[in-house]
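For reference, the structure is listed below as C-alpha coordinates.
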(Lines give C-alpha, C1' and ligand atoms only; values in the text may rest on other atoms or scores of the structure.)
Protein backbone atom coordinates (compact mmCIF):
# COMPACT_ATOMS: atom_id res chain seq x y z
CA UNK A 1 0.00 0.00 0.00
CA UNK A 2 1.54 3.26 -1.15
CA UNK A 3 0.19 6.62 -0.12
CA UNK A 4 0.54 10.33 -0.63
CA UNK A 5 -0.89 13.45 0.96
CA UNK A 6 -2.80 16.29 -0.64
CA UNK A 7 -3.25 19.78 0.77
CA UNK A 8 -6.65 20.68 -0.57
CA UNK A 9 -6.45 24.45 -0.07
CA UNK A 10 -10.15 25.28 -0.35
CA UNK A 11 -13.48 24.46 1.25
CA UNK A 12 -14.37 22.54 -1.91
CA UNK A 13 -12.11 21.48 -4.75
CA UNK A 14 -11.59 18.81 -7.36
CA UNK A 15 -7.87 18.18 -7.45
CA UNK A 16 -6.23 16.26 -10.26
CA UNK A 17 -4.19 13.47 -8.66
CA UNK A 18 -3.60 11.42 -11.81
CA UNK A 19 0.16 12.04 -11.84
CA UNK A 20 0.55 11.21 -8.16
CA UNK A 21 -1.47 8.02 -8.56
CA UNK A 22 0.73 7.00 -11.47
CA UNK A 23 3.87 7.67 -9.43
CA UNK A 24 2.50 5.55 -6.57
CA UNK A 25 1.54 2.86 -9.07
CA UNK A 26 5.15 2.78 -10.20
CA UNK A 27 6.17 2.06 -6.61
CA UNK A 28 3.84 -0.94 -6.43
CA UNK A 29 5.62 -2.53 -9.38
CA UNK A 30 2.34 -3.65 -10.96
CA UNK A 31 2.71 -4.01 -14.71
CA UNK A 32 -0.69 -5.29 -15.76
CA UNK A 33 -3.98 -5.47 -13.90
CA UNK A 34 -6.01 -2.95 -11.95
CA UNK A 35 -4.87 0.01 -9.87
CA UNK A 36 -6.92 0.54 -6.71
CA UNK A 37 -7.08 4.08 -5.31
CA UNK A 38 -8.71 4.59 -1.89
CA UNK A 39 -9.39 7.66 0.23
CA UNK A 40 -9.64 7.01 3.99
CA UNK A 41 -11.92 9.96 4.76
CA UNK A 42 -15.67 10.60 5.02
CA UNK A 43 -16.02 14.18 3.75
CA UNK A 44 -13.82 13.78 0.68
CA UNK A 45 -14.24 11.32 -2.16
CA UNK A 46 -12.66 10.20 -5.40
CA UNK A 47 -13.94 10.32 -8.96
CA UNK A 48 -12.86 10.26 -12.55
CA UNK A 49 -13.77 13.08 -14.90
CA UNK A 50 -12.54 15.38 -17.65
CA UNK A 51 -8.87 16.30 -17.58
CA UNK A 52 -9.02 19.13 -20.11
CA UNK A 53 -11.29 22.09 -19.35
CA UNK A 54 -11.01 23.07 -15.64
CA UNK A 55 -14.50 24.57 -15.78
CA UNK A 56 -15.86 21.01 -15.67
CA UNK A 57 -14.51 20.65 -12.14
CA UNK A 58 -16.17 23.89 -11.06
CA UNK A 59 -19.40 22.78 -12.69
CA UNK A 60 -19.35 19.45 -10.85
CA UNK A 61 -18.95 21.23 -7.51
CA UNK A 62 -21.69 23.69 -8.45
CA UNK A 63 -24.04 20.92 -9.55
CA UNK A 64 -23.54 18.88 -6.38
CA UNK A 65 -24.08 21.93 -4.17
CA UNK A 66 -27.29 22.75 -6.05
CA UNK A 67 -28.60 19.23 -5.47
CA UNK A 68 -27.67 18.48 -1.90
CA UNK A 69 -29.81 20.42 0.60
CA UNK A 70 -27.91 23.05 2.58
CA UNK A 71 -30.05 22.80 5.72
CA UNK A 72 -32.34 20.50 7.66
CA UNK A 73 -29.58 18.34 9.13
CA UNK A 74 -29.03 17.14 12.68
CA UNK A 75 -25.28 16.37 12.69
CA UNK A 76 -23.74 19.03 14.90
CA UNK A 77 -20.55 19.53 12.92
CA UNK A 78 -22.51 21.20 10.12
CA UNK A 79 -20.75 19.28 7.38
CA UNK A 80 -23.49 16.80 6.46
CA UNK A 81 -23.56 18.00 2.83
CA UNK A 82 -19.89 17.01 2.61
CA UNK A 83 -20.65 13.52 3.93
CA UNK A 84 -23.42 13.10 1.35
CA UNK A 85 -21.36 14.37 -1.58
CA UNK A 86 -18.48 12.08 -0.62
CA UNK A 87 -20.79 9.04 -0.66
CA UNK A 88 -22.21 10.18 -4.01
CA UNK A 89 -18.73 10.25 -5.55
CA UNK A 90 -17.43 7.20 -3.70
CA UNK A 91 -14.24 6.37 -1.82
CA UNK A 92 -12.33 4.40 -4.40
CA UNK A 93 -11.58 4.36 -8.09
CA UNK A 94 -10.22 1.50 -10.10
CA UNK A 95 -8.18 2.02 -13.25
CA UNK A 96 -6.84 -0.58 -15.66
CA UNK A 97 -3.05 -0.89 -15.82
CA UNK A 98 -1.03 -1.87 -18.87
CA UNK A 99 2.73 -1.73 -19.25
CA UNK A 100 3.00 -0.38 -15.71
CA UNK A 101 0.91 2.70 -16.56
CA UNK A 102 -2.66 3.78 -15.92
CA UNK A 103 -4.83 3.03 -18.91
CA UNK A 104 -7.39 5.83 -18.69
CA UNK A 105 -9.63 7.12 -21.44
CA UNK A 106 -8.28 10.04 -23.45
CA UNK A 107 -10.22 12.66 -21.51
CA UNK A 108 -10.11 11.03 -18.10
CA UNK A 109 -8.25 12.20 -15.02
CA UNK A 110 -8.51 11.03 -11.40
CA UNK A 111 -9.79 13.61 -8.94
CA UNK A 112 -9.74 13.98 -5.20
CA UNK A 113 -13.06 15.62 -4.30
CA UNK A 114 -12.67 17.87 -1.26
CA UNK A 115 -16.01 18.82 0.26
CA UNK A 116 -14.99 20.02 3.74
CA UNK A 117 -11.56 21.58 3.45
CA UNK A 118 -9.09 22.95 3.46
CA UNK A 119 -7.44 19.89 4.94
CA UNK A 120 -4.55 17.53 4.49
CA UNK A 121 -5.95 14.37 2.91
CA UNK A 122 -4.42 10.98 2.38
CA UNK A 123 -4.74 8.83 -0.72
CA UNK A 124 -3.81 5.15 -0.71
CA UNK A 125 -2.81 3.30 -3.85
CA UNK A 126 -2.29 -0.37 -4.36
CA UNK A 127 -2.41 -2.87 -7.08
CA UNK A 128 -5.06 -5.54 -6.88
CA UNK A 129 -2.34 -7.92 -5.90
CA UNK A 130 -1.99 -9.06 -2.34
CA UNK A 131 1.55 -9.20 -1.08
CA UNK A 132 4.59 -8.29 -3.05
CA UNK A 133 4.27 -7.58 -6.74
CA UNK A 134 4.40 -9.10 -9.21
CA UNK A 135 2.53 -12.10 -7.94
CA UNK A 136 3.14 -14.04 -11.13
CA UNK A 137 6.26 -16.00 -11.28
CA UNK A 138 8.37 -14.44 -13.98
CA UNK A 139 8.82 -17.06 -16.66
CA UNK A 140 11.96 -19.03 -16.13
CA UNK A 141 12.49 -17.83 -12.57
CA UNK A 142 11.93 -19.62 -9.36
CA UNK A 143 9.78 -18.21 -6.59
CA UNK A 144 10.61 -20.63 -3.85
CA UNK B 1 -17.45 -15.97 -1.67
CA UNK B 2 -18.68 -15.55 1.86
CA UNK B 3 -22.02 -14.01 2.68
CA UNK B 4 -24.25 -12.85 5.48
CA UNK B 5 -27.80 -11.62 5.83
CA UNK B 6 -29.09 -8.38 7.27
CA UNK B 7 -32.62 -7.70 8.52
CA UNK B 8 -32.99 -4.05 7.71
CA UNK B 9 -35.96 -3.28 9.95
CA UNK B 10 -37.06 0.02 8.42
CA UNK B 11 -38.20 1.50 5.13
CA UNK B 12 -34.86 3.31 4.96
CA UNK B 13 -31.76 2.75 7.05
CA UNK B 14 -27.99 2.93 6.98
CA UNK B 15 -26.79 -0.14 8.83
CA UNK B 16 -23.20 -0.50 10.00
CA UNK B 17 -21.92 -3.82 8.66
CA UNK B 18 -18.21 -3.24 9.28
CA UNK B 19 -17.94 -5.96 11.90
CA UNK B 20 -19.77 -8.52 9.78
CA UNK B 21 -17.61 -7.71 6.77
CA UNK B 22 -14.50 -8.16 8.88
CA UNK B 23 -15.77 -11.50 10.15
CA UNK B 24 -16.46 -12.66 6.57
CA UNK B 25 -13.04 -11.38 5.53
CA UNK B 26 -11.52 -13.63 8.17
CA UNK B 27 -13.27 -16.58 6.54
CA UNK B 28 -11.71 -15.78 3.16
CA UNK B 29 -8.23 -16.09 4.64
CA UNK B 30 -7.00 -13.01 2.80
CA UNK B 31 -4.13 -11.40 4.67
CA UNK B 32 -3.13 -8.56 2.37
CA UNK B 33 -4.88 -7.03 -0.61
CA UNK B 34 -8.37 -5.72 -1.18
CA UNK B 35 -11.66 -6.82 0.33
CA UNK B 36 -14.57 -6.76 -2.11
CA UNK B 37 -18.06 -6.30 -0.67
CA UNK B 38 -21.05 -6.71 -3.01
CA UNK B 39 -24.80 -6.38 -2.53
CA UNK B 40 -26.95 -8.43 -4.95
CA UNK B 41 -29.99 -6.13 -4.83
CA UNK B 42 -31.30 -3.14 -6.79
CA UNK B 43 -33.05 -1.06 -4.12
CA UNK B 44 -30.28 -1.25 -1.53
CA UNK B 45 -26.68 -0.15 -1.91
CA UNK B 46 -23.39 0.02 -0.07
CA UNK B 47 -21.31 2.97 1.01
CA UNK B 48 -18.62 4.06 3.40
CA UNK B 49 -19.21 6.92 5.81
CA UNK B 50 -18.75 8.17 9.36
CA UNK B 51 -18.76 5.54 12.09
CA UNK B 52 -19.10 7.91 15.04
CA UNK B 53 -22.14 10.20 15.18
CA UNK B 54 -25.28 8.28 14.12
CA UNK B 55 -26.91 11.55 13.05
CA UNK B 56 -24.71 11.45 9.94
CA UNK B 57 -26.60 8.36 8.77
CA UNK B 58 -29.95 10.07 9.27
CA UNK B 59 -28.66 13.16 7.47
CA UNK B 60 -27.52 11.08 4.49
CA UNK B 61 -30.98 9.51 4.19
CA UNK B 62 -32.62 12.92 4.57
CA UNK B 63 -30.33 14.49 1.97
CA UNK B 64 -30.93 11.76 -0.59
CA UNK B 65 -34.71 11.93 -0.09
CA UNK B 66 -34.61 15.70 -0.55
CA UNK B 67 -32.74 15.31 -3.83
CA UNK B 68 -34.46 12.42 -5.52
CA UNK B 69 -37.93 13.36 -6.83
CA UNK B 70 -40.79 11.62 -5.03
CA UNK B 71 -43.15 11.51 -8.00
CA UNK B 72 -43.24 11.54 -11.79
CA UNK B 73 -42.21 7.91 -12.23
CA UNK B 74 -43.66 5.20 -14.44
CA UNK B 75 -42.41 2.02 -12.69
CA UNK B 76 -45.51 0.45 -11.21
CA UNK B 77 -43.92 -0.83 -8.00
CA UNK B 78 -43.59 2.74 -6.71
CA UNK B 79 -40.02 2.24 -5.53
CA UNK B 80 -38.16 4.12 -8.25
CA UNK B 81 -36.56 6.51 -5.74
CA UNK B 82 -35.02 3.46 -4.06
CA UNK B 83 -33.57 2.25 -7.38
CA UNK B 84 -32.04 5.68 -8.01
CA UNK B 85 -30.59 6.04 -4.52
CA UNK B 86 -29.06 2.57 -4.73
CA UNK B 87 -27.31 3.45 -8.00
CA UNK B 88 -26.11 6.72 -6.46
CA UNK B 89 -24.48 4.85 -3.58
CA UNK B 90 -23.32 1.89 -5.64
CA UNK B 91 -23.40 -1.87 -5.21
CA UNK B 92 -19.89 -2.59 -4.03
CA UNK B 93 -17.23 -1.19 -1.78
CA UNK B 94 -13.56 -2.04 -1.77
CA UNK B 95 -11.43 -1.78 1.33
CA UNK B 96 -7.69 -2.33 1.68
CA UNK B 97 -6.66 -5.31 3.80
CA UNK B 98 -3.51 -5.55 5.90
CA UNK B 99 -2.65 -8.24 8.39
CA UNK B 100 -5.96 -9.94 7.65
CA UNK B 101 -7.95 -6.88 8.78
CA UNK B 102 -9.84 -4.11 7.04
CA UNK B 103 -7.68 -1.02 6.77
CA UNK B 104 -10.29 1.73 6.92
CA UNK B 105 -9.76 5.36 7.78
CA UNK B 106 -10.22 6.32 11.42
CA UNK B 107 -13.78 7.61 10.95
CA UNK B 108 -14.89 5.16 8.29
CA UNK B 109 -17.46 2.39 8.60
CA UNK B 110 -19.13 0.27 5.91
CA UNK B 111 -22.89 0.74 5.55
CA UNK B 112 -25.67 -1.20 3.96
CA UNK B 113 -28.07 1.41 2.57
CA UNK B 114 -31.65 0.18 2.71
CA UNK B 115 -33.99 2.26 0.56
CA UNK B 116 -37.01 -0.04 0.19
CA UNK B 117 -37.28 -2.07 3.37
CA UNK B 118 -37.79 -3.59 5.69
CA UNK B 119 -36.31 -6.65 4.00
CA UNK B 120 -33.80 -9.38 4.46
CA UNK B 121 -30.74 -8.42 2.43
CA UNK B 122 -27.68 -10.40 1.46
CA UNK B 123 -24.11 -9.14 1.46
CA UNK B 124 -21.33 -11.02 -0.33
CA UNK B 125 -17.69 -10.68 0.64
CA UNK B 126 -14.64 -11.96 -1.13
CA UNK B 127 -11.02 -11.20 -1.43
CA UNK B 128 -9.71 -10.02 -4.76
CA UNK B 129 -8.15 -13.38 -5.22
CA UNK B 130 -9.55 -15.88 -7.66
CA UNK B 131 -9.63 -19.45 -6.48
CA UNK B 132 -8.41 -20.60 -3.17
CA UNK B 133 -6.52 -18.22 -0.97
CA UNK B 134 -3.74 -17.41 -0.66
CA UNK B 135 -2.75 -17.19 -4.28
CA UNK B 136 0.84 -16.37 -3.32
CA UNK B 137 3.21 -19.20 -3.44
CA UNK B 138 3.68 -20.30 0.10
CA UNK B 139 7.27 -19.57 1.07
CA UNK B 140 9.43 -22.58 0.46
CA UNK B 141 7.21 -24.01 -2.27
CA UNK B 142 7.90 -23.95 -5.95
CA UNK B 143 5.77 -22.34 -8.62
CA UNK B 144 7.90 -22.95 -11.65
CA UNK C 1 -8.23 -6.39 -21.28
CA UNK C 2 -11.17 -7.20 -23.51
CA UNK C 3 -13.43 -4.55 -24.94
CA UNK C 4 -16.57 -3.97 -26.92
CA UNK C 5 -18.34 -1.00 -28.44
CA UNK C 6 -21.85 0.23 -27.88
CA UNK C 7 -23.83 2.54 -30.18
CA UNK C 8 -25.96 4.40 -27.68
CA UNK C 9 -28.57 5.73 -30.10
CA UNK C 10 -30.08 8.45 -27.91
CA UNK C 11 -29.11 11.58 -26.01
CA UNK C 12 -29.67 9.62 -22.80
CA UNK C 13 -30.10 5.89 -22.34
CA UNK C 14 -29.48 3.04 -19.94
CA UNK C 15 -28.34 0.15 -22.09
CA UNK C 16 -28.21 -3.39 -20.76
CA UNK C 17 -24.70 -4.70 -21.42
CA UNK C 18 -24.85 -7.74 -19.15
CA UNK C 19 -24.64 -10.23 -22.02
CA UNK C 20 -21.73 -8.46 -23.65
CA UNK C 21 -19.85 -8.26 -20.36
CA UNK C 22 -20.39 -11.98 -19.85
CA UNK C 23 -19.09 -12.71 -23.35
CA UNK C 24 -15.99 -10.60 -22.71
CA UNK C 25 -15.55 -12.31 -19.34
CA UNK C 26 -15.49 -15.62 -21.18
CA UNK C 27 -12.60 -14.30 -23.27
CA UNK C 28 -10.58 -13.45 -20.16
CA UNK C 29 -10.73 -17.07 -19.02
CA UNK C 30 -11.42 -16.06 -15.42
CA UNK C 31 -13.29 -18.81 -13.61
CA UNK C 32 -13.54 -17.46 -10.08
CA UNK C 33 -12.94 -14.00 -8.68
CA UNK C 34 -14.14 -10.56 -9.66
CA UNK C 35 -15.00 -9.15 -13.07
CA UNK C 36 -13.94 -5.54 -13.54
CA UNK C 37 -15.89 -3.44 -16.05
CA UNK C 38 -14.57 0.03 -16.92
CA UNK C 39 -15.83 2.81 -19.18
CA UNK C 40 -13.13 5.15 -20.53
CA UNK C 41 -15.42 8.18 -20.97
CA UNK C 42 -16.45 11.20 -18.89
CA UNK C 43 -20.07 11.77 -19.96
CA UNK C 44 -21.18 8.14 -19.71
CA UNK C 45 -21.03 5.88 -16.68
CA UNK C 46 -21.78 2.36 -15.54
CA UNK C 47 -24.23 1.07 -12.97
CA UNK C 48 -26.12 -2.00 -11.88
CA UNK C 49 -29.90 -1.94 -11.62
CA UNK C 50 -33.10 -3.84 -12.33
CA UNK C 51 -33.08 -6.12 -15.35
CA UNK C 52 -36.85 -6.71 -15.51
CA UNK C 53 -39.14 -3.71 -15.96
CA UNK C 54 -37.63 -1.27 -18.52
CA UNK C 55 -39.54 1.59 -16.89
CA UNK C 56 -36.95 1.52 -14.09
CA UNK C 57 -34.31 2.66 -16.58
CA UNK C 58 -36.49 5.54 -17.74
CA UNK C 59 -37.21 6.47 -14.13
CA UNK C 60 -33.50 6.56 -13.29
CA UNK C 61 -32.83 8.92 -16.20
CA UNK C 62 -35.82 11.06 -15.21
CA UNK C 63 -34.75 11.18 -11.56
CA UNK C 64 -31.17 12.18 -12.36
CA UNK C 65 -32.35 14.91 -14.76
CA UNK C 66 -34.69 16.26 -12.10
CA UNK C 67 -31.86 16.46 -9.59
CA UNK C 68 -28.96 17.82 -11.59
CA UNK C 69 -29.39 21.52 -12.43
CA UNK C 70 -29.91 22.24 -16.12
CA UNK C 71 -28.24 25.65 -16.11
CA UNK C 72 -25.72 27.80 -14.27
CA UNK C 73 -22.64 26.10 -15.72
CA UNK C 74 -19.49 27.57 -17.20
CA UNK C 75 -18.18 24.68 -19.33
CA UNK C 76 -18.65 25.82 -22.91
CA UNK C 77 -19.63 22.46 -24.35
CA UNK C 78 -22.96 22.59 -22.55
CA UNK C 79 -22.77 19.02 -21.33
CA UNK C 80 -21.90 19.60 -17.68
CA UNK C 81 -25.01 17.75 -16.47
CA UNK C 82 -23.69 14.68 -18.31
CA UNK C 83 -20.32 14.97 -16.56
CA UNK C 84 -22.04 15.19 -13.18
CA UNK C 85 -24.39 12.27 -13.81
CA UNK C 86 -21.49 10.11 -14.98
CA UNK C 87 -19.57 10.78 -11.75
CA UNK C 88 -22.72 10.03 -9.75
CA UNK C 89 -23.04 6.61 -11.38
CA UNK C 90 -19.31 5.92 -11.54
CA UNK C 91 -16.95 4.56 -14.18
CA UNK C 92 -16.59 0.97 -13.13
CA UNK C 93 -18.61 -1.91 -11.77
CA UNK C 94 -17.33 -5.04 -10.13
CA UNK C 95 -19.22 -8.30 -10.24
CA UNK C 96 -18.36 -11.59 -8.54
CA UNK C 97 -17.50 -14.48 -10.85
CA UNK C 98 -18.15 -18.15 -10.16
CA UNK C 99 -17.76 -21.00 -12.61
CA UNK C 100 -16.68 -18.55 -15.28
CA UNK C 101 -20.00 -16.65 -15.10
CA UNK C 102 -21.15 -13.37 -13.60
CA UNK C 103 -22.75 -13.95 -10.22
CA UNK C 104 -25.29 -11.13 -10.13
CA UNK C 105 -28.36 -10.87 -7.94
CA UNK C 106 -31.59 -12.19 -9.41
CA UNK C 107 -32.85 -8.76 -10.49
CA UNK C 108 -29.52 -7.21 -11.38
CA UNK C 109 -28.24 -6.23 -14.81
CA UNK C 110 -25.23 -4.12 -15.81
CA UNK C 111 -26.02 -0.86 -17.56
CA UNK C 112 -24.07 1.59 -19.67
CA UNK C 113 -25.44 5.02 -18.75
CA UNK C 114 -25.32 7.37 -21.74
CA UNK C 115 -25.78 11.00 -20.75
CA UNK C 116 -24.45 12.84 -23.82
CA UNK C 117 -25.19 10.71 -26.85
CA UNK C 118 -25.80 9.37 -29.25
CA UNK C 119 -22.21 8.19 -29.45
CA UNK C 120 -20.11 5.11 -29.91
CA UNK C 121 -18.84 4.13 -26.49
CA UNK C 122 -16.21 1.65 -25.41
CA UNK C 123 -16.45 -0.74 -22.49
CA UNK C 124 -13.39 -2.54 -21.13
CA UNK C 125 -13.61 -5.80 -19.25
CA UNK C 126 -10.93 -7.62 -17.34
CA UNK C 127 -10.61 -10.04 -14.57
CA UNK C 128 -8.96 -8.85 -11.41
CA UNK C 129 -5.92 -10.78 -12.46
CA UNK C 130 -2.80 -9.02 -13.65
CA UNK C 131 -1.05 -10.55 -16.61
CA UNK C 132 -2.29 -13.43 -18.63
CA UNK C 133 -5.28 -15.31 -17.41
CA UNK C 134 -5.73 -17.57 -15.64
CA UNK C 135 -3.40 -16.71 -12.81
CA UNK C 136 -4.18 -20.05 -11.23
CA UNK C 137 -1.54 -22.64 -11.61
CA UNK C 138 -1.94 -24.21 -14.99
CA UNK C 139 -3.02 -27.84 -14.62
CA UNK C 140 0.00 -30.05 -14.71
CA UNK C 141 2.22 -27.59 -12.91
CA UNK C 142 3.06 -27.82 -9.29
CA UNK C 143 1.91 -25.51 -6.53
CA UNK C 144 2.63 -27.73 -3.59
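The first chain written gets the first letter, and so on, giving A, B and C; residue counts start at 1 in each chain.
In the analysis below, a residue touches a chain if its C-beta (ideal position, glycine included) is under 8 Å from a C-beta of that chain, and two chains touch if they have at least 3 such contacts.
Just so it is clear, the model here is predicted, and its values are computed rather than measured.
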item: Cα superposition of chain A on its sequence copy chain C - rotation in ° rounded to nearest 5; value: 120
item: Type of chain A:chain B copy interface by residue overlap (half), same or different; value: different
item: Intercentroid distance (Cα basis), chain B paired with chain A, Å; value: 19
item: Numbers and ranges of chain C residues touching at least 2 other chains; value: 67, 88, 90, 94, 128-129, 135
item: Interface residues, chain C side, partner chain A - complex; value: 1, 36, 38-42, 67-69, 72-77, 80-81, 83-84, 86-88, 90-92, 94, 122, 124, 126, 128-131, 135
item: Residues on chain B engaged by chain A in the complex (per definition of touch); value: 30-34, 47-50, 53, 55-56, 58-60, 62-64, 66-67, 88-90, 93-98, 103-108, 127-129, 134-137, 139-144
